[in-house]
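Input: structures, listed below.
Shared chain: subunit A. Partners: subunit B in the first complex, subunit C in the second.
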Partner chain A sequence: MIAGAVRDDAVPRRWRRALRQTGGFLRASRLNALGAGIVAAVVLLAVFGRALAPHDPNHLDLLAALKPPSSAHWFGTDNLGRDLFSRVLAGARISVEVAVIILGLSVAFGTLLGIVAGLVGGLLEEIVMRVTDLFLAFPAFILAAAIAATLGPSLNHTVLALAVVFWPWYTRLARGQVLALREREFVLAARVAGAGTMWIVLRHLLRNVLPIVVVQVSLDVGYAMLATSALSFLGLGAQPPTPEWGAIITDGRSFIQTAWWWPTFPGIALAVTVLGFNLLGDGLRDWIDPRLRGSLGGLQE
Partner chain B sequence: MGRLIARRLAFMVFVVWGVTLVTFFLSRVVPGDPAKLLAGPKASPTEVAHIRRIYGLDDPLWTQYGRYMADLLHGNLGVSFVTRREVTTDVRAFLPATLELAGYSLLLGFLAALVVGTVAGYRRGSALDAGGRLMAIAGLSVPAFWLALLLQLLLHTRLGWFPLGGRLDAGVAAPPRLTGILTLDSLLTLHLHAFVNALWHLALPVLTLAAGVFGLMTRIVRTSILEVVGEDYVRTAQGKGLTRWRVLRRHVLRNAMLPAVTVLGLEFGLLASGVFVVEAVFQWPGLGNYAFQAIQASDYNATLGATLVIAIAYVLTNLVVDLAYLYLDPRIRYT
Partner chain C sequence: MRQPVLSVRDLVVRFSTGRGVVHAVNGVSLDVEPGGTLGLVGESGSGKSVTSLAIMRLLPRGGRVVSGQVWFGGRDLLRLSAAEMRSVRGREIAMILQDPQSSLNPVLPVGEQIEEAIRAHERVSRPAARARAVELLGAVGIARPEEQLGRFPHQLSGGMRQRVMIAIALALRPTLLIADEPTTALDVTVQAQVLELLRDLTDEVGAAVVLISHDLGIMARMAGRIAVMYAGRVVESAPTEELFARPRHPYTVGLLRSIPRIGGARRALVPIEGSPPDLERLPEGCPFAPRCAWRIEACWTQNPSLATDDGPAHLVACHDPAEPEEVGPGRPIRPGFAPAPPPGIRAGVA
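Presenting the complex of A and B:
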């Protein structure tokens, strides 16, 4: 009875605290608010963009080909008369989806591997860490380009290639955290109490590793989006008629002299989106680092 | 210190070997068939089979890999199927253009970051600081290929100030080749017209690549300035009446440079990816363009050679960074 009452009270308190912390984060710097605003807008557009789009992103209308921006076509049209505003909106969903899948795969695989390696130690840890060293010792984009080229040009292969280059970062991050945590009292206590490795990972380690992983993810989202578009630009990623931003820019490249709007608007969309995620990630990292948080607090006053 | 260097060198060898292993087997699963490519579109199946036999492409993969490694140890990277030249010759031809591009970008980005990062660090919390941080993050957020197109559109097509691409105008005679780095060669041989023309061609690609370098470096410089400015020795230097400039140069910048040196390795990764797309947009005859065309044409030897050169350069950069760090920070040297 009493426990129930405490729990009822605890949930809203936790929510209130989360809300207060979010408010503090947003007020700490105008750039934090800007980043969070851009990210929120992009996520909303990714979810509802198709409903808001005035035209079907793949609808051809040759009579309206290469029209400059107007009230009918806000971002103009391409050489096949497709409405670029609708295509850019559709591209928002692709970019967000792609980033979610790339980071989802690499975080799930990399973090778990890092936690297990850190916890088990010994030969397994040694092998895992040398393999991550090998991956990290190689420029990620070149490796991703080589893998994407090997698998053949397609958006799915690009996603897979980027997941392959992203996971080692998370393995190293998670292992480092686990090394610091595994001798701490609560883990030792759990061990003494007879908890299994899986229980310790899920119950004690994961929740301590996750905040740092979240910050890293927010910093990596922008990079994942940029790399996807760059690979599409090189012809290794999304194929026509997919309205991926990098692919739209590539298509518009040869028309840049006559139709400046074609590569310009998807580029602005991509740059602003990546800027939003980078601002958010950068702000989060500063916010979590207590030394820098002090300086931000001073900034407020 | 000697042991540290030995360990780094051993790791370097391991990494380069790992890279050959990964790229070799990756490149062999590419769907293209280099024998068909070499034989030409009208070749009969027997001719294709003949070429496959000459180049040893029908041997088991491990045999091919063993042969490749044996050649590699003799400094032989094989023959490119597309250019029909030794890959080492190709690399020698294309690498200087990339080095020139990357070098100037690194220099420009670094100098700009030094100024903006220092101002932002000194004026913490001011509008200048926020502006510097926004500029830095914007530099990292703008897609290089798009920025390249935009610069071409504005500064070439609209204003006509800079050329569209390439390293020299068609009418300008290239200076005699000493290093392959055009600005250096033309200066050394006093071909001033070629020097100006080469710089003029470098402007747009360098500006594009420098944006990323600037973005990464500004944040590092700002953070380390913030840390150093609060140190006792800086207060002491100020207290003994040194001028502001002297404190900045002798005490603040010198110590704040350490972290900036360590991110050179990261910068390299950034530049390596930027070079790929920027060289493609500006038709820059560099290694990035070469590697990209090799990947698309399933030109095994060229792909492997180019990636290997990039990997070795990357590992070497990191080694130099480590050594520079040892040199700059005596505390590490003596422990």
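Presenting the complex of A and C:
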């Protein structure tokens, strides 16, 4: 290993290592950099978009209805004269929030259930895995649509429906990892050193499962956003006037002949965002395994 | 003999598998002197590792201790509560596992793993634990220990990883260290260094050692006393020199004859004929009888128990132990002696 940071104290060294690794990830492939760039932009827009937006996303201006893109309205306006650029910016926040909540719920529930099932084994594991099979056997999108339709159309119900669709994947992922990990000698070594079961779950198993879960999350964020927009497009998700991308597209769909910009810009925003998360996820998946990093580090010795 | 630190009495361990019950350990008794090194030898499946895991009460799924006692520090470990046992593990009895490749958590830096071992049992601050970790890494002969703290296990060589494991094991100055084939996974040159380190450090800490190995060469160098295991039982136990000079059990005789020697006349290695018994269907008599040249009729029907022989320190479980002059040739040299045939065949002849 290059002796770059040897004599500093521990904390800066740790930060420097993190920075160096991030740099390595971005340099490993241009697609990694592109994905990370898009994701960073989307997250920044989600946080600061409202401040940057030139107009209130829900402000009606009937005199400026269905205007094509111009310097005043970069993405044009819709049939009620709302500024589509501002609406797309506001939609970024909704998409990010929705993805965070969906994945937060399904990861927390699914991963924990998977780890416990894998570690405890026996009847509990059998029941949990059969339930996940039940969920996975059903076409995910149709299940989500059915749940959202049953609960009634609203963004909250869509989020809940998608969380229900996503959690079994994490349960299976975590349980599969734990099945392999629990036989590994370091789990025995931890027990030999006097560690209890909870310590092993939190310190050793979770730490080992987490990188893989993170990769899966980065891949799923795109799908979660896409599915939310798809449900909104079908009228099951966000309701007017919420500036959710799928909802904007659905409103603008019938105007595509006369006002092409209306469904096009939110569509591009959605496509680029999903692409960004998928690129990041693919890149992370290839990068995150510390043993892959180690093969590079080992060569430098 | 002084009061032993560890005293295992008639330990019986069985595994329930889908197909049947495996009799892995069948009445093992052992004593480890304070500061002494007991070597456990035997081939694969003889119950060495299972015995050590049973002492730690960490048997894998399906395994359970059927009977016996494990006396350590005046307590029977088999009767402690789970919490009491956890505080024994790591602090009073430490263990080094066979494969340093996988006994460190791959996603945690080694420094953290050493600190963790300390902090699991002692209330010390992180910086204090860190300082101890640096000191320990230095003590196990790792150069520039401060730099190594942040390394991940995959960045270390096998020998270094095993040194880290030794550092973790001895971090809390345990009274007993169980080392299960600590050098099997290492290069021969590294083996010697690691063993030397292990001996020096356990001497310094004053820890008694149970060293598990199938390598008699390692045993000769490391162990003060050797217990030979076969089919889940101790068949012979004696001080190391005594065992090498005057083995009594036919299995020990065979074991000693099967190791290559440098310098002596070149001769073919002598394997022990036959194979170890099926632990799911143990014979009624001595499990070694079918492979034994010394067997007498009693061997087919009665399993001999471990008893003193040639003085109080030499224990052997055999109806018809080998005489000193029979060790060289590796078979009984007595006029008219023939190994007793199995009872079934005898009945057929009659």
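The rule we apply is simple: the second predicted complex is superposed on the first by the 271 of 301 C-alpha atoms of A that agree within 3 Å, B and C clash if a C-alpha of one lies under 4 Å from a C-alpha of the other, contacts with A are read in each partner's own complex, and residues count from 1 in each chain.
Please note the rule applied: a residue touches a chain if its C-beta (ideal position, glycine included) is under 8 Å from a C-beta of that chain, and two chains touch if they have at least 3 such contacts.
Small disclaimer: the values here were computed from a predicted structure and weren't measured.
Student: Taking the superposition on A as described, I'd like to know which of subunit B and subunit C A:Asn208 touches: first, second, both or neither.
Tutor: second
Student: Looking only at subunit A, is it subunit B or subunit C that touches more of its residues?
Tutor: B
Student: With both complexes superposed on chain A, which partner does A:Leu275 reach: first (subunit B), second (subunit C), both or neither?
Tutor: After superposing on A, A:Leu275 lies in contact with subunit B but is clear of subunit C.
Student: Once the structures are superposed on A, label A:Val98 by its partner contacts, choosing first (subunit B), second (subunit C), both or neither.
Tutor: Touch status of A:Val98: no partner.
Student: Can A:Ala140 be said to touch subunit B (first), subunit C (second), both, or neither?
Tutor: The answer is first: A:Ala140 touches subunit B but not subunit C.
Student: Using the touch definition from the top, say if A:Val88 reaches subunit B (first), subunit C (second), both or neither.
Tutor: neither
Student: So, A:Pro263: does it touch subunit B (first), subunit C (second), both, or neither?
Tutor: A:Pro263 sits against subunit B, while subunit C stays out of touch.
Student: Could you look at A:Leu45 and tell me whether it touches subunit B, subunit C, both or neither (first, second, both, neither)?
Tutor: Touch status of A:Leu45: no partner.
Student: Could you pull out which residues of subunit A sit against subunit B in one structure and against subunit C in the other?
Tutor: Looking at subunit A, the two contact sets intersect at 298.
Student: Which bits of subunit A are touching subunit C when the two form their complex?
Tutor: 1, 3, 6, 10, 13-14, 17, 121, 184-186, 188-196, 199, 203-204, 207-208, 211, 290-291, 294, 297-298
Student: Using the touch definition up top, name the residues of subunit B that touch subunit A in the complex.
Tutor: Touching subunit A: residues 11, 14-15, 18-19, 22-23, 26-27, 29-31, 124-125, 130, 133-134, 137-138, 140-146, 149-150, 152-153, 157, 219, 226, 268-269, 272-273, 276-277, 280, 291-292, 295-296, 303, 307, 310-311, 314-315, 318 of subunit B.
Student: Provide the residue numbers of subunit A that touch subunit B in the complex, in ascending order.
Tutor: Touching subunit B from subunit A are residues 29-31, 130, 133-134, 137-143, 145-147, 149-150, 152, 222, 226-227, 229-230, 233-235, 246, 249, 253, 256-257, 260, 263-264, 267, 270-272, 274-275, 278-279, 282, 295, 298-299.
Student: Would you pull the subunit C residues touching subunit A in the complex into a rising list?
Tutor: 56, 58, 61, 86-91, 94-95, 97-99, 102-108, 116-117, 120-121, 130, 147, 150-152, 154-155, 165, 168
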